[in-house]
Amino acid sequence: MADPVVRSAGSGTHPPPDDADGRPSRRAVMFEKNRLEAFSDGVLAIAVTLLALDLHSPAAVPRGLARALGAQWPSYAAYAVSFLVIGIIWLNHHAMFRDVRTVDRPVLFINLALLGVVSAIPFPTRLLAEYLREGEAGRIAAAVYGATMLAMSICFVLLWIALARQQARQMHRRLDARQAFAVIRRFGLGLVVYTVAIGVAFISAYLALALHGALALYYSFDQLRT
Amino acid sequence: MADPVVRSAGSGTHPPPDDADGRPSRRAVMFEKNRLEAFSDGVLAIAVTLLALDLHSPAAVPRGLARALGAQWPSYAAYAVSFLVIGIIWLNHHAMFRDVRTVDRPVLFINLALLGVVSAIPFPTRLLAEYLREGEAGRIAAAVYGATMLAMSICFVLLWIALARQQARQMHRRLDARQAFAVIRRFGLGLVVYTVAIGVAFISAYLALALHGALALYYSFDQLRT
Amino acid sequence: MADPVVRSAGSGTHPPPDDADGRPSRRAVMFEKNRLEAFSDGVLAIAVTLLALDLHSPAAVPRGLARALGAQWPSYAAYAVSFLVIGIIWLNHHAMFRDVRTVDRPVLFINLALLGVVSAIPFPTRLLAEYLREGEAGRIAAAVYGATMLAMSICFVLLWIALARQQARQMHRRLDARQAFAVIRRFGLGLVVYTVAIGVAFISAYLALALHGALALYYSFDQLRT
Amino acid sequence: MADPVVRSAGSGTHPPPDDADGRPSRRAVMFEKNRLEAFSDGVLAIAVTLLALDLHSPAAVPRGLARALGAQWPSYAAYAVSFLVIGIIWLNHHAMFRDVRTVDRPVLFINLALLGVVSAIPFPTRLLAEYLREGEAGRIAAAVYGATMLAMSICFVLLWIALARQQARQMHRRLDARQAFAVIRRFGLGLVVYTVAIGVAFISAYLALALHGALALYYSFDQLRT
């Protein structure tokens, strides 16, 4: 009796093509990547669009709307930087899964963790927008923002490793030193830079926001170059 | 005269492949699963992302932003648990429909009911975040949270049954005892555990939240194991 | 010189298969239905999920959270009815486009109009939730709710007609009386019933809400029957 | 050793079909358009649906709900115009990518910029809804609205150019004068008109809103005509 629902928990109709040695403990259940991409695109699109909900209409305009709008510049700056950051995440995510056809459970889970951080990004963004100009509070807000970016960066490294391991397993081999080095070169720098940005936050919230903007722009042009 | 729109209400171009006996009363209208998955992914992605809208910027920081942020820990805990819960729902939903190609109307309807519960999850989440520390109100909030999880769990059992029945019908047989037992083993435990969690809520809201977090983590690792 | 971007405005690589008579004025530009479905699924999923944003955490609970939550019952009732309504819209939309492969511009536009009404549904819903119990204001809120449903219903009739006309044109024939009758039978009743519901609103807001709930349930079971 | 993840950064399994001269500096990494469309559909669907969040339930109704609702007409007008605008953007985006199969990085980036403007549209919309009737503030709000539309229009021109350049490169030729002229004719008018609308805003906010509505309607019927 073949029942797809019961079966789907234990085996798969889409086994990794290279893994046909019949040992069940080695056979991971694989999933088509399309729903992972659809769910990720959904969360990224919503997170990016919710950012604009924090672009408030000024409550009162005693000295004119133009001035009131100008006084909200930290909101626009935080919106622009966070939009760019989530946009770059989407581009990297897109590039990372472009040549992948199926994913295993660890990849699904780490991807969920990444999305958990991404969907939280509007929170530090509004924190930074509200407290940027308020001295100590602004520096803490910038540090929280930087910590969120660091968490996002860590999830990306873990996702890269999970994808690389999955593909190595599909080809019956282990991750080698060259691959590990490629991880360090491509993503490790991000970890260092975001850690530095947390430190910079305690010097100046403005400088930290500018650094995050510069990083996002750098990654954009770096992407365009490759 | 073949008119697809009129026809689409009464018959289907995608009949269940095994159901070719020609008796119209037995032929259910089948739908490609892709829009069910797209709509479900959309609702799940939005519900999960809207959770972060309740991570508010502290209104006033008389004793510093760090303290004000720390005082909001129930919001972060509720966010984390609900994110994990919706993430697991997505994973289970993904696994459940992985090997399904078409769905009938009962599956579409029960799936809608499941999505109705899921899209409501931000409500008990913000309730729990706001009242967790307020004694009696916190316990009631935790019970409402638990009741929502129980409702979600019941929808999942019903969805499983509807999918199993649909597949049995496609193969011209009825659900047998072994399948019913598999349902009980896989999902029945969830019903019991979420009922217990409602009871636990009346003892301690903190304990109930911790229990929901532990359950979500358990299901995560359980998923990874299978 | 073949330039797809310039070309895409004037002709199509996906002409209607039956329309090969070469007369350019008769050749409508056709679009694959997949983006229409994706965009519609997105708007419907978001509208349905935003409904839950109006399930507010009670601001004060002088007589206990349970009572405060109980006093919010109009919010839950309005949420449930609107969720069901949007769910049924999704099911009907799904069924309507199931056997369609390409769509022309009029279909795209009328579909946009339908989505415009659907994405506005959270507004009359929160209006009804807030004013249901307030006599005259409640009756007006219920009438606005009913008018929104009527507008939605009209868009559905127009969408049906546009789809039927598109298909008739693809087969080189005009809409005939039998088809027009099918439209009246299937959707015309909805127009009448929603008009009645607007009238009922001026008698009792409660009755009108109950009527909308009953209608949504009726259409659900009607869908299950066919 | 072929590792898709590492490889995906540098080369592609989907090279432009016409670009097979083997010179790596000429080979752009191409991406399937489906995720660009999915992400764009997501952002457009969310932006359009979030507009309705600014249709507030009147806080107090001293002279009846009907009057209070009537007094909110700028919100409905702004909602209707912005919905129409985003709807037309979606239609144009759909038409623009209809016959495209793969996209390169510049297209992805300019598309992100377009989405950044689109997801910000709810902000000038609520600004205009709130200040339309308040003299000077209304005129500034209308100018901000017009500036947003101009930015959107510029992104569309850039996106068109990026797509045309990508396609020219795939066919080993450069953009020629005829194409450049087509750009000017099709989109350049929009740039002029939206610039005029910014000027009109300083004369009358009402006139500017009406102009934006008329433009959206004009583009709708223009789309239907072609």
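Some points to look at:
Think of it as A, B, C and D in the order they're written, each chain with its own count starting at 1.
To be clear about the criterion, a residue touches a chain if its C-beta (ideal position, glycine included) is under 8 Å from a C-beta of that chain, and two chains touch if they have at least 3 such contacts.
Keep in mind that what you see is a predicted model, and the values were worked out from it rather than measured.
As for how the two copies chain C and chain D face one another, under half of their interface residue numbers coincide.
Distance between Cα centroids is largest for the pairing of chain D with B. One copy, chain A, sits rotated relative to the other, chain D; on C-alpha atoms the angle is 90 degrees to the nearest 5. Chain geometry summary: the mean Cα position of chain C and that of chain D are 24 Å apart.
Separating the centre of chain B from that of chain D, both taken as means of CA atoms, is a distance of 35 Å. Within chain C, contacts with two or more other chains are made by residues 38, 42, 46, 50, 53. Only residues 37-38, 41-42, 44-46, 48-53, 55, 57, 61, 64-66, 69, 79-80, 83-84, 87, 90-91, 94-96, 98-100, 160, 163-164, 167, 179, 182, 186, 220, 223-224, 226 of chain C touch chain B when the two sit together in their complex. Chain D makes touch with chain A in their complex at residues 1, 3-10, 12-13, 29, 31-32, 35, 38-39, 42-43, 45-47, 50, 53, 105-106, 108-109, 112, 115-116, 119-123, 126-127, 130-131, 136-137, 140-141, 144.
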